[in-house]
Each structure stands twice: as structure tokens, then as C-alpha cells.
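Two complexes follow with subunit A in common, the first pairing it with subunit B and the second with subunit C.
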Partner chain A sequence: MITKDAGTIAPAAPAPAAEEPRPTLQKTRRAWDEVPRWQIYLPLSVYLLFTLVPFYWILLFALRPAGSTSLVPWPMTFDHFDKVWTERSFGTYFQNSVLIALATLVLTTVVALAGGYALARFDFRIKRGFMLALLCSQFVPGALLLVPLFQIFAKLQMINSLGSVIIAETVFQLPLSMILISGFIRNVPYSLEEAAWVDGCDRFKAFRIVVLPLLRPGLIAVGSFAFVHAWNHFLFALMFLSDQGKQTIPVGLNTLMSSDSVDLGALAAGGIIAAVPVVIVFAFIQKWLITGFSAGAVKG
Partner chain B sequence: MKISIRRSRRAATAVALGSVLALTATACGDDGSGSAGDKGGEGSGKGEITFWDNNGGVRTDIWKQIIADFEKKYPDIKVNYVGIPAASAQSKYDTAIQGGGLPDVGGVGTAMLAEVAVQGALEPLDSRVEKSALNGRLSKNLLDSSRAAGGGDTLYQVPTSANNGTLWYRTDLFEKAGLDAPTTWSKFYSAADKLTAKGKNAFGFTIRGGEGAIAPALDAVYGQTGITSFWNGDKTTVNDPKNVAALEKYVALYKKDTPSADVNNDFTKMVAQWDSGTIGMLSHNLGSYQDHLKALGADKFRGIPNPTQDDGTRVQVSNPVDGLSLFKSSKNKAAAWKFIEFALSAEENSKFNESAGQVPANTDAAKDAWIQQAEPTKLAAEALNGTGTKIVQLPYYLPDWNTISKADNEPNFQKLLLGKMTAKQFLDTLADQLNAAQADWKKNHG
Partner chain C sequence: MAQAAAVAKPPAPARRRRASATPHRLPYLLIAPAALLMLGFIAYPVISVFYYSLQNYNPTKPWRNGYAGFDNFVHAFTDDPQFWDTLTFSAKWVVVEVGLQLLFGLALALIVNQTFVGRAVGRALVFSPWAVSGVLTSAIWVLLYNSQTGITRYLADAGIGQYGTSWLSDTSTVFPAAVVADLWRGVPFFAILILADLQSVSKDLYEAAEVDGAGRVRQFLHITLPHLKDAIVLSTLLRAVWEFNNVDLLYTLTGGGPAGETTTLPLYIANTSVDAHNFGYASALTTVAFVILLFCSIVYLRLSKFGGGDK
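Right, the complex of A and B next:
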């Protein structure tokens, strides 16, 4: 804890009258330390409460018996979880979602890595146009491409196969992922690769040994983005998959709501099942995720 | 050297472009199999058929039972069940109509029937019904509603069930306050006032202000005024001065006798709010019966048809009718029709509606004991089939009906509740859009 007087630095020379001295990091920290703790924690607590209430509401409905109006989940029951997992096939939906999300993660990361490397390290004639096209593709909503995609997958005999959803998700993830990865690769000095070449590595080996380890935060950021997006995406699974045994969690959640009635307990339990993997993924990768995004943001 | 590099680049570009064009052409050159353009065929009456359930999830179990019964009776036909979430059924059909992959049989409610039929995806069913064992065994009122919703005299949907607007009320709160059942509009408004005690967070009514608000509001309006037709010549009666006055009275309940959060109520929030709070009345349909039963128990509530006028005259708007349609693109229509016939038989139709809590379309099924024991369904069946009931047919046949009654006017209804629009402005806007849509429809249908 720094006291008010401690660490005060007397100016060596008077500053020019016309110029305000820039606050040093030390001064900023001191000013921050002078703020009473309650002024920091109270707004944060209110914000946290505001954020957590919906989660509590979901937990409440998932854990209290059907018909209960209690504000605490007591007596606690896991009947809703049992119902959605066994009767409503969420066990199967969960497996399918995991498979689709993991496959999308791997495919997106690998292809984005190759494309991103090319964008970062090579100059070619249509590079600017290609980058612009990648950016513009982000403005096209998936729903607009449903019919052509449906026809392409039908021609390829891939309707009602998890492969169709994996390919569609990967294709939609790639533009942003390639742009991000190319930014991360540009941050790795080219001289490191050149040094590896001098030591006898070919381009691929130099990339694998020198560049790839430095890209870990970026890869985690891009991979987690791809995973979460594929995990939550509803439209492609609804349109390209028909068999009940191939459906995913978001489609399963929607089937818990009919046109006239909703089983809120089952819906809340399904919502928790859908949220848990995403929460776990973010809990583990949080550190690298922040590093990854900020690294990409410094030099684009 | 430069020239050769340029040439090879040009060649590579040409190959790439050629590949892209070839792939695109292959994709666009779809033969239309399973899309709206495909004529399909009768088939052998055996083999596999695909059935899309437009209320998948909630009705999956009962449909699987019916399919198991069917496959037992017809062992040479296999039915592939596909459950589609109710909210996404329309977009799934639209994508398949354009892109291919339509089913042989599908659940198509009257609310989306016109949009699917107008794209040429459905097989006319009049002659099949006439030649079938179902002839004379289906509710005439529901068949009329199905025909009207399809946009004319052709039957594109065999009705399976009818829903009905229902006024759910808390018998415990009514008894405590010494109130009569809200069977007439006067009793309804009086009860809404007397049950409201804002300090105790008690309200007489919960109004639907969010998604799906228009149809219940129109039901309340026509129910109060007794106007029995939606059209007067080519003009809608929706903005008749009597209707304007009735709507003013109805929306005046907002905040006075209802929670202020009602402005955003879709049916989910409205039902959840009623099931967990101290609100006297809720206007929804038969579909939420099981939710109320679970939440409140059988002794604390009743479901009755919407109120009548003081002299007992009952006028109500038509409710969406669930049904099954045969798709033109089916290559096995004979087997698909057998499935529809089977699902509409008295035994199976009764089983389905008992599970769904709706009124069976098969008149033999409508006599079954379970209906006599389920009071809301019994009263709804009596109201629907009663000779004194006048039904105002909403124009489900207009391809723009869904847009007009949802995206175009739901935000206006919220403005009306919030006092930013008058009832007359709201109904005039609605009437203008309906009149234009009707004129357009008439122009295209001779």
C-alpha cells in the first residue's frame, strides 16, 4: 500500500509554463489508490448482481420441482436434468454438439493457420482485394446462403450428415480466423524464421519449430471462438440435419418450446447443459484468450 | 521469364474461375428433387416415407406412438420421423421448397398453410378425402377453416385438431373475492378491477403485449362488439367504430389491472407469470392447460371459452387449426396418404389430441370419455361446435397475414399500450394494410 506522501518525486526542473506535465504511471497508480474501496466495489457488486441474476433464475427453475414458486431451489430436484438428458435425448444432442464443435475448431484452426501465414508472409497481386473480400464476407448472414448451401450439400449427398454442418461452420469461421491469425503471425519477427533457415530448417520446419509455439495465445483465441460459435449455432443444424439422432443442443433447446406451451424447468436444465462446456472452456483459456486478442490488436 | 510466369498465372486463374463456375453450375443445376417444382408420384404404397412434425419435441412421443401403431398395421411402410421446433417450422419448409428435401407428409398449421400452398408445394386433398374412410367423419367447421386458410375452395390440409381461445381464471382468488365466473365481458371487466391490489402485487388480468398479441386482441374486440364477419365487401371490419371503442376499453386494462411488464409479454412470459403469481385471469388457448395443471394443481383454476356478450351471444375469431399435408414432390404419395388416413382415424386422432390437449377433428374421437373429463377441452369443443357460436374467420389465406399480424403491427400494439398511439390509429393502420393485401390477393385469384 502506497501512502499519500510516500514516493513523491520532486520535479528536477520547473516544467515549461505552456506545457502540462504528463501524469506518470506512478502518479496514476497513487491517484487510483486514493479512491475509497467502496467506490470501486459497490458498482462492481451491483454490476455482478445484475449479471448473475439471470443465471440464478435458470438455476432456480432447473433445480426446483415443477410448479414450485419458491425463490430458493429447495427442495432440490434433478428431475428436469434427468428428463432432458434421457427422455428428450439431450445426451445424444450433447455428443453431436461436441463432435461438431471440436471438428470445427480443428479444421478452422488448421486452415486459418495456413491461410493466415500466406497473408502475413507473402505478397501477391490480389492480396488487398482478398483481404477486403474476407472482411466483406463477414457481412453476409448465414441465412442468406441457406438455399445454395442446401443444394450444394444435397448434390454432395451430405444432407443429414454432421459433415455438412462442420463444413458450413468452418467456412463461416474462416475469414475472421484467417485475418486474426495473420495479425498474430505478423507480430512474430521474420528474422526468427530467417535464423532458423540459416540453421538448416526448411520453411515448414521453421514455422513449426519457431513460429507455431509463439502463436499459442492466438491459436487459443481463434480456436475457442470457433468452438463457441459452432457450439451455439442453431441454423445450419436445423436446416441440414433431419434425424433426431443427429441433432444438436441448440435445436434440442428449441424443441422444448411448443407453439402453445413451454416446460420452463426442462428448458432451464437444458440451458445449463448447453452453457456448462462453454463456461469450462472459457475458465481454462481465459488467460491466453486475453493475451491472444490483445496481441492481435497491437499490430494488425 | 516474366511472360511465362504471367501466362502460368493467367492459366491458374482461368482454371480456378472455371472450377468455381462449374461447381456453381452443378449446384444451381439441381433437378428440383424434393423441392416445390417436383411433381412426385403415387409410388407403390410401400417403402419409406418421411414425416415432418411441425411441433417437434413436445409432440415427439405421441407421434412416435402413432408411427409405431402405423408400422404395426402396415409393416411394409417405414415412417421416418423428423421433429422440427415449432418456431422454425416455417423457415425449414421455405428452405426445402426452394432447395429440395421436402418430406412426404408434414404438419402444416393454418397459420402457415397459405404461404406453403402458394408456393405450389402441397397436393390438393379433396378427392382423396372423398374416397377415404374419413369422408363424413371430420368436423365440417374445421374442414371449412382448412379450406379458407389454404386460400380458396381447395383442401390442402387435413385438420387434426382445433385450438380455442380460453380464459383461464384462478378459482381460489375468485372465491375469496366472492366473484362469479367471468363468463360475460361485463363480469370479466368487473373481476379484473376487483382482483387488482397493486400494493399486494395482485392483478386482475395479464394482457399479451409482445409477440402474438394481435390475434388475442382481435378476439377480445370482436367478442365484445358481436360483429360477425371480418370483411364487409372488400373492406375489413377491423376498424369499425364499435371495434375501436371495444379495443380502447380492452387496452385500458393495461397498468390499471395488469402488471406493467405485460407490454413485452409473449405467451411464454405471460403463462409463466400467471402460473407463478397472483393474477386473476389469463387469456390464452388450450395449449397451456398442462402448464397450469403442473403449476397450480387441478383445484385452483378453470379454463372457459372467452366471455360472451351479456345476452349470451358468443362471437370469437378463428383459431389456428393443426393438420397434416401431403407434399406434391412425394414419390410415394400412396403410402403417405395411408399414413394421413391412419393418423386421422378415430382411435389415433383421439390419442393425439388427448396428449396435445386439443379438440379432435375426427367427430368420433370427439365423443371419447377423456374429453368429457377434461373440462377446458370439453367447453372449447362445445363452443366451437355450438350452433349459437359465430366465428369470425381471420384471413390466414392472405400470404401477407403473418407479416401484417406480427412484424408490421406488434410494435404498434405496444405503442398503443404505452399510450403513444390511439386505438383508432392502430386499427386504421391495420385496416389499410389488410385492405391492400386483400385487393392484391383478389387480383391474383381472379
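Right, the complex of A and C next:
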């Protein structure tokens, strides 16, 4: 049977060399056989059920008429979306959230790229101390700094302006982003840059032409991290933006949840609105995420 | 002549290159924006927390404000049962959450690392809750746990349990209910990180192990697990700190209730500072939380011999 397989898969192999490939073929066959299909599909299906039922549940509540107990969203209605978008001002929240998330994405990526490049390519006196500070800042809980941060933003007269939240989100996103990006840059051989200098590029141009394109998966991972975080985060917006017209989607969701009689349909529709952008981002970046991280993120 | 020119020429571009390649100020200029942001919005707040921890500071009771020495700390350790309760709950929450997330995340990563039909779709679907926020997770599970139209109603229709059961308002079920909700969102984090690290295991090792007759369990224990060790140590540590500090989910899902049953230390601190305006005491509690986190992290890294492998 083995000989037959070897024969069909590699018919062109000359007879004397056939002894070599045979064991490898046998091994790949064994490795393939070793995990029976049901051992993959059974646990995966169970886990998928756990993942998808909650998603289905929120869709169901968002799409079926109020008061219905049907398990299929039929007759379908978009009343809840209308209501939440206009009456509950999710339209405004959506705009604010998009602004905050995009600004955080850009700011984090640019600042972390500059810092990450310095950490990857230079030796300078405070480098070790700076790296240590980056690592230590991972232990600093943003939630516990709410009060001093509030005081700072009050002094800067930034309470009730989206800028406060953008800065706060960026600051707490920076350390990890910088560590990750410096890891990605270290994976790009320095000699490539040096070659570009020899060809007459200055450092910035060499970086832009040679290094930046190679950083794409990593930057997509880091940028989308920043976006999703800023989109999702709740406490800073809750604390720093008291003006209703300045609030964000998570704060709006919390308001819906904490009212005395929760309007479940509106809550579900609001949830869908909150989920759509991140789900789209996620679907787009998913494959970059794995490559981005395996490109030496953990090695750092 | 030609030779002399060739010898004379290189130093010029070399000097120019050195001048542009290692100017002293460039690295400092590059890290300056990040450093300034972090000094202003992390370091300064941290220092002010340390400062306030030694003060009586309450904007609503200004006549009592002033230097307090270690009074706040003494009060926390000797006279505040809520501090101990919330600290214990935080520890329990972190251990249970991180342990279960790691376990399921590892299993999930190993499964979707196999080659099978529908892998790309499968991966995208099981990872998707990763992107969902704590507040949205709460919203979803509030709908699921809801006593009138939640899952319990349909279970009761099918003869399991009773109508009107609300898992989130019953002290005996609220903990597992919250744990499951957070697992739903937390497992994909580990699965993604572990899957990424799995990509770099050398295939040769497995082939060699197979030649030696090692089964799948032994291959996992002797090749996969050691390879993943550093990634696991790092991700569990980051996740533990994150789970400790994160208040979004519990704040919105249970509000720390019922009866303070699910109040973590950070939630308690937030209440102390935001609702009770007791900044001094909240700062002292924050300091204690820092020290505990730092201490536990160092012990954990030491015990796990992080980075000490022969990789």
C-alpha cells in the first residue's frame, strides 16, 4: 500500500532514489491519519455553539418585534435600530466612537513606530531604563488612575473633549505597541537599510522605502489592536465625557443597561451597532494577526 | 593615481554616512513623543497616587484634608473587611478566569492548528468574540441571562429549571454566570497568541519524535509544551494583570452585586474614589494593589523560570 502511494504521488522519481522519499511519505500519511476527523470537528462544533449562540441571541432580540418570544427573528423589524439610532442618540455616539478610535489608531501607530525604531536600531544611554519603564507600565492599571487623570485633564481644560479620551487610550496602548513594533523592526535585516543608504537614500527615505513595506502585517496587527481597544473601552469615556453629545457607544450601551426597565430590543440593536465595525475590522485583519504575532512578537 | 583616488574617496561618504547614521540626538527625538506622553499621563498620575495615599484627601470634606502618614494603609489592613473581601474575590476571579481561558485557549489553538476542511472559517468564527468589548459582552449576556426572555425561559419550557430564574441576581449562581460570560470573550485571546506561537514549532522535531515512536500525547508534552512555555508564561501574566485591572465587564454585568458578591478590588477603589470621593483612601488602596501585582508578577516569573529555557 505504501509502495503504491509512493508510486502514484511521485511517479517521476527514479527507481534508485525511491527509497529516500518513501519514509517521509509514510510519515506525513501517519501524521494526517493520527488525528481522526471527529476529534477535530466534535470539540470545534461544541465550542462554535458556545461562541455563536450569544451572537444569535443578540441578533434575535434586535430583529424580532418587542414582546415576541419566537426563536426565529420573523417577522423581521428594524424598529429597534431606528429607535436606538435616533431616540437614544446612537448616531452621535457612533460618530464620536469612530473619531476616537481612528485618532487613537493613527496616533498610537505613528508614535510607537518612531519609538520602536529607536529601540530596534540604536543603542543609547537610557534605552534599558526606557524598556524597563515600558514593561512596568503594563502593570499600571488605567482604571486605578482615573482620579489623577481626571485632575490632569481638568487642568488642561480637556474634560468633555474627545481629545482627553484619545490621549488616554493612546498612552495606555503605547507601551505594548512599541515593544511589538521594535520586535518587528528587529526582524528586518539592518543590511537592507544600509544598502539603501549606499544607494543615496537618507535614513528616513530608506526606512520608508525598505522597512515600512515589510512591517505591514505587524503594523496592521498593532493598529487594529489600538482601534479595537479604543472602540471598546468604556471607563475613560464614561469619566471624562459627561456631556451626552460627546459620549461613545459603550457608554450608551451602559446607559441602556442600567435604566430601570431595560428595553431589550433597543439594547440588542445598540449592541449590533457596537459590534459591526470591530467585526469588520476583525474579519479583515484576522490572517494578519496570526502572522503579525508569529513574526517575532513574543521574542520581542 | 587611480589607486590614490580610490583610497581617498571612501572616507568622505563614510563620514557623511556616519554623521547621518548615528547622530546623538536622533534616538532621543524618536522616543520623545512616547516618553513625554507616558511621563505626563502614566508616571505623573502614578506619583500623585503615591502622594495622595499618604494624605487625607476628600474634596467633599476639605476640613479634614492633610497629611495622614500611614493611616490609610493601617485602616485598610486592620479595619476594612471590604478590602479583604474584594481582594479575595479579585484573586479568585483572576485565578479562575486565567486558568480556564488558558486551558480552553490552548485546546482551541491545537484544534484549529490542524489541517481540516473549513479551517479558515472555523478560525474566524471561534476567534470573533476577541474583538467584542466588555460592555457589549455584558449586553449580550444580560440578554441571555434575562429572567423573562433569556435562555432560562426556554430551558424551563423544556422542563429544565424554573421560570423566572435570574442567574445574575442570585448569589449562588452569579459567580459562574460572570465567569462564563468573561470566558466567552477571553478564550480567543489565548487561542490567537498560542496559535501564533505554534506556527514556529519546527516540523522536524515531530518527525524525529515519530521515528522514535513517540505518541501524540508525548509529542505534545515534550515538544509542543516546552516550545510554548515562554509564550504561555507571558500571556498568562499579561492576562492576569489585565483581568485584575479590568472593570468594564463586571461593572456593567453585575455592578459588583448582588450584595457586593462580585466586587473586585479595582471596582471597590473606583467606588471609593468616584462615589465616596475619598481620594486619599482610594489612592492607598491603589498603592496596595500595585505592590501586590508587582510582587505576584515577580514571584510568578521567578517560579516559571521565564526565558531560562534552552530555546
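In the analysis below, the second predicted complex is superposed on the first by the 260 of 300 C-alpha atoms of A that agree within 3 Å, B and C clash if a C-alpha of one lies under 4 Å from a C-alpha of the other, contacts with A are read in each partner's own complex, and residues count from 1 in each chain.
The definition used in the following text is that contacts are C-beta pairs under 8 Å (C-beta built on N, C-alpha and C of every residue); 3 or more make two chains touch, one makes a residue touch a chain.
From a predicted model like this one, the values you see are computed outputs, not experimental measurements.
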Quiz item: For the overlay on subunit A, clash or fit between subunit B and subunit C?
Solution: clash
Quiz item: Counting only touches as set out at the top, which of subunit B and subunit C does A:I159 meet: first, second, both, neither?
Solution: first
Quiz prompt | Per-residue touch tally on subunit A - higher for subunit B or for subunit C | solution = C
Practice problem: Pick one for A:M257: touches subunit B only (first), subunit C only (second), both, or neither. | Solution: both
Quiz item: Between subunit B (first) and subunit C (second), which, if any, makes contact with A:M76: first, second, both or neither?
Solution: neither
Exercise. Identify the partner contact of A:D243: answer first if only subunit B is touched, second if only subunit C is, both if each is, neither if none is.
Key: first
Practice problem: Please work out whether A:A118 is in contact with subunit B alone, subunit C alone, both, or neither, and reply first, second, both or neither. | Solution: second
Practice problem: Could you tell me if A:A195 is touching subunit B, subunit C, both of them or neither one (first, second, both, neither)? | Solution: neither
Quiz item: Of the two partner chains, subunit B (first) and subunit C (second), which one does A:P148 touch, if any: first, second, both, or neither?
Solution: both
Exercise. Touching subunit B in one complex and subunit C in the other: list those residues of subunit A.
Key: 69, 146-148, 151-152, 239, 254, 256-258, 262, 264
Quiz item: Which residues of subunit C touch subunit A in the complex?
Solution: 17, 20-22, 26-28, 30-31, 33-35, 37-38, 40-46, 48-49, 52, 104, 107-108, 111-112, 114-116, 120, 122-136, 138-144, 146, 149, 151, 153-154, 184, 192-193, 195-197, 199-200, 206-207, 210-211, 216, 230-231, 234, 238, 241, 244-248, 251-252, 255, 266, 269-270, 273-274, 279, 282-283, 286, 289-290, 293-294, 297
Quiz item: What does subunit B use to touch subunit A in their complex?
Solution: 23, 26-28, 30, 33, 50, 55-61, 80-88, 91-92, 95-96, 98-101, 109, 163, 267-268, 271-272, 275-277, 284-288, 290-291, 294-297
Quiz item: What does subunit A use to touch subunit B in their complex?
Solution: 66-67, 69, 87-88, 146-148, 150-152, 154-155, 159, 238-239, 242-244, 251-252, 254-264
Quiz item: Okay, in this complex, where on subunit A does subunit C touch?
Solution: 24, 27, 30-32, 34-35, 37, 40-41, 43-44, 47-48, 50-55, 57-58, 61, 69, 71, 111-112, 114-115, 117-119, 121-122, 124, 127, 130, 133, 137-149, 151-152, 167-168, 170-172, 174-175, 178, 197, 202-203, 228, 231-235, 239, 250, 253-254, 256-258, 262, 264, 267-268, 270-271, 274-275, 278-279, 281-283, 286-287, 289-294, 297-298
